[in-house]
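Worksheet: one structure, shown below.
Order as written gives the chain letters A, B, C and D; numbering starts at 1 within each chain.
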Amino acid sequence: MANLINTFLLTDLLKGLWTTFKNQKPSKVVTEQYPLNRPPVAERYRGAPRLNTHPETSETLCISCNLCALACPEQLIVVTSERNPETKRKDLTTFTYDVSRCMFCGLCEDACPVDALELTQDFELATYTREGQIWDRQMLEEGPLPVRYTH
Amino acid sequence: MPDTPNSDDKPRPAPSARPPAAAGADRPVRRPVPKKPAEMPCEPWEGALPAALQERFSDRLSRVVLLGGQKLLVAEIAAAFEILSCLKQEHGFDYLVDVTAVHWPDKPEQFEIVWTLYSFSANERVRLKAGLAEGQPVPSATALYSSANWLEREVYDMFGIEFQDHPDLRRILMPDEWEGFPLRKEYGIVQQDSDWVRENLKIESAQ
Amino acid sequence: MAETTLAPPEVQAETLLDSNELVLNMGPQHPSTHGVLRVILKLDGETVLGTDCVIGYLHRGVEKIAENRTFQQFAPYVDRMDYVAAVSNGLGYCMAVEKLLDAEVPPRAQAVRVILTELNRIASHLLWLGTHALDIGAITPVFLCFREREEVLKIFENYCGARLTTHAFRIGGLQYETYDTFEKQCLDLCDLMEQKLKEYHDLLTGNRIWVRRTKGVGILNAADCKDYGVTGPLIRAAGIEWDLRKAQPYCGYENYDFDIPTAETGDTFDRYMVRMEEMVQSCRIIRQAVDALPEGPIKGKVGKVIKPPPGEAYVSIEAPKGELGYYIVSDGSLNPYRVRVRPPSFVNLGALDKMCRGSLVADVVAIIGTIDIVLGEVDR
Amino acid sequence: MEQLLANPYVPPLILTAVIILVFPLIAGYIVLAERKVLADLQVRLGPMRVGPYGVLQPLADALKLMLKEDVIPSQSDKWIFWLAPVLSTFTALSAFAVLPLSDRFFVADVNIGILFILAMSSIGALGLILGGWSANSKYSLMGSLRAAAQMVSYEVPLGFATVTAIMCAGTLSMQGVIASQLERGVWGAFDNYGLMLIPTVLFIIAGTAETNRAPFDLPEAESELVAGFHTEYSGFRWALFFLAEYAAIVVISSLCVTLFFGGWLRPFPNVAALEMPLNTLFPAALFALIALGCSKGVFRQALAGFRLVMAALTGLFLLVGAAFALPVANELMIGLFWFAFKLAAMVYLFIWYRGTFPRFRYDQLMDVGWRWLIPISMFGLILNGVVQLFARG
């Protein structure tokens, strides 16, 4: 009997309607209007790569050990260096990172023994050309220019 | 419009062409193995099931072992179907988990077909392996298990192993007109990839 | 199966109005084939006479890639198979390599792995629920589900820095220690889920349209499930109480108290109820794991260079979609000799033809949704 | 001028022109309302970028649709393909002719007004069928076949519900129906001791099916048939189908409002004490409230242009609100206001369904129509007839 009443009074449908009706409360909106307000990115976020430099001397921290290049599954890092005759150490000459093929797995970051290579919180990596995705040492050290969005 | 650093009129010089990719260009796919590593633990598998199988198939079943604790049978390819149907009908292995193959180009029996079976009643998993040479036919398990249909199609697609009496042996993942069998060891991906990168990205691949 | 081999639709275009049978090409661009699945339907009116799946549009050759990468390097790739359950994929792969290495994983790492995989199960089921409801025409649940899924993804992002393709686990344990509010966030999520699941039930479970659309649709009984190798929620909905977490416990699942939800008929509604209940059970496991999270190291004794001895291993886990197995052959070098993935979506999709015959076009959409496929995993 | 207006043909012609010109804009804003309300139901914001809070979105959409390339499938029957959207729009807009927008705004008060609307909506189905058939696409064909079967099935309960209302009112003229409700002092929906609620609910359900709205949107079932009968349509032709759909919604809602909810009458039309609060205070306060909301938006917008738009909207709504305070303007507009108010409530209901329910399956749709709605509507008709016979003597 109760079933029959429910069938004719459409209670199940009204329950659904009430559920959606309650969702209309403005405080329930979850949309983030992305370029206008930016969600915070987690501290450990794996985004654009950065080659860290010494904060005071701005010399690179990279010791050209090539471990990141070996760790990379996509083999998109190329490190070249030359031996400095005075210090007997390898000096970094170029560092190329092909962001277009990067899958941000973080293996290079894990491999780096001196915390020189780091994946940062920057996630806006779009460019107009494929070539723009190949980052050289300067770009890796300074980071891409901040992107300005006009509405 | 996003004002990105890479639009053409920016003062920053465009990143120079990739430096000589010598570092990683011709790296061999398989790196040399310096010292001989240890073997996986392998012990004889004892119990009612292996005894029954050994009695029935005797010398057609070359290995009945626990490899790293996992039950493994190695058989002749000609006996494979019979063993499968015996396992299904007499020992309750009613679920064919997987059919796959491994390519060993240096061995006389180039391919190794691997069936993984599971029994719901005994909560037991058994792996059956059988080697076969190029061109040798394999009996299809579709008559026993419907799940073999797609799994065998995939093996055919990837290794070119023909299953006899399969109802619908076509390529499944690759396009119908594809040439070659991708998971064979002689099928190189590095060359193909470099060509693609050179043609489409106009850069040298670092692979 | 043979009679479902259909001519491509182009050939039949001219006989559109003359023949009794209509060949309808659904996909690979279609709103509800969940990506790039293509199903060729042979129809009589709107009744399905046979189907033929064309897959492989997302084939990337993951198994071939594996042979050209080291064991560690391959780990991020497995995330890209079932990308809505990347953590489960990573877990299966790491466990398989650990099996080859015979490596121990410390208890803390085990517990964190359990928490993250169960979170991932919730995320995967939420995505399934939203898209499945959308396929059946209810357009609101998808947004609600994504709202809750976002909370799960936030935990992933905080934990390992990525939301979807997480690469959360490493061979031998974990790379990242948990963060300060990890436990609290997980428990909050469980509370939230229990509250929101009620909302989903209000919206769908009792709704007469939903019930009529799902009850008796796409029935796959227990015998067929075994025959087709169908696993996961599909086999549980058919009445077989089988879950690898209970049948062959791994990662310390034997220490947690949870139930395996089952149903009887194995139709779309049963699968819906099973998955809804699984989310509740996942919350239960997460609560227990968080409460009993042991202290200690997070990485076992695994060297920097991973080189398993020659041998092979098949390891499978209960992924959100069913049994996810990894069969890895090692020849003693740095790279795996062969990695075979036993994808649950691929095998489950094999039963589509069986489930669709005799139903209507609208049911095909519901059935594709209820199998819960991810084309990245079907095609690999 | 006076003389011109006195001519019986001129005011209807002017009104017709106004409807044809203004309705596309109204339809555009109904679409915007639909998107906004759906977004609300789904914890989203909806369109926010074109103009402040997306208020200019309909204009942008219209522009986009007009500038889109006009694609006609090469294998299609071109004349019918061309004709179908025109037919759909034409019939849907024709039905506007008999809608009693208020006591003084209507194109024609025909003595068979209701019949005319039903006839027009039946011919409208032809547009969908032809459109789906002529495109020579399988999805379209299935969509149009579904449309045909659905329209035929659901016109029956819709007809029965309408007949019940006509029986209660005793006339087929739209203005006559409203007049009868005024005379009896109760809305059609609550007449006959509340028994008229049965045909009211049935009318709303069948009307939803008649306009192909969710959960009965099978002819264009997105997840099954891609877009159903209009799969192959694009650009302006598609826009015409869209226009026809929204016109059909407005027509069916208007019919429902007229038959069951008193048309342009205010609630409790016979209680004189409510005249002042309902007819003057309510609309003035409503528009003042909307204006207040808009004025808040002025300060929240960052761009000067958007602020201007919000300020203009604030002014506009204040002006309308003030107009209701003026007796002369009030008398002119109040009927229109109540009609639009009730219409908006109906349209909201339609959107609310869509945001909540899953879609029926084709055979279930037929099952619901033939096995439930038709018997119940016949029962409702007989029950109301008997009650009316004895209650009214």
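Quick note on the criterion: a contact is a pair of C-beta atoms (placed from the backbone, for glycine too) under 8 Å apart; a residue touches a chain by one contact, two chains touch by 3 or more.
All values derive from a computational prediction rather than experimental measurement.
The minimum number of touch steps separating chain B from chain D is 2. When chain centres are set by their Cα atoms, the one at the greatest distance from chain C is D. Looking at contacts between chains, the pair that accounts for the most C-beta pairs is B-C. Between the CA-based centres of chain A and chain C the separation comes to 26 Å, rounded to the whole angstrom. Note: centroid distance chain C to chain D, computed from Cα atoms, is 44 Å. Separating the CA-averaged centres of chain B and chain C is a span of 21 Å.
As a whole-number value, the distance joining the C-alpha centres of chain A and chain D reads 48 Å. Annotation for chain C: residues touching 2 or more other chains are 140, 144, 147, 203-204, 207, 209. Residue positions 13, 16, 19-20, 23, 30 of chain A each touch two or more of the other chains.
Multi-chain contact residues of chain D (touching two or more other chains): 41-44, 355-357.
Interface residues of chain C facing chain A in the complex, by the touch rule stated above, are 69, 72-77, 80, 140, 144, 147, 150, 154, 157-162, 165, 167, 175-176, 179, 199, 202-204, 206-209. Listing the residues of chain D that touch chain A in their complex gives 40-45, 48-49, 302-303, 352-353, 355-357. Remark: chain A residues 7, 12-13, 15-16, 18-20, 23, 30, 41-46, 71-73, 103-107, 110, 119 touch chain C in the complex. Against chain C, in their complex, chain B makes its touches with residues 29-31, 33, 36-41, 67-68, 70, 94-98, 100, 102-103, 114, 116, 120, 123, 125, 127, 142, 145-147, 149-151, 154, 158, 167-168, 170-175, 182-183, 185, 187, 189-190.
Every residue of chain C that touches chain D in the complex is listed here, in rising order: 13, 16, 22, 24-25, 30-32, 46, 133-140, 143-144, 147, 203-204, 207, 209-210, 212-213, 360-365.
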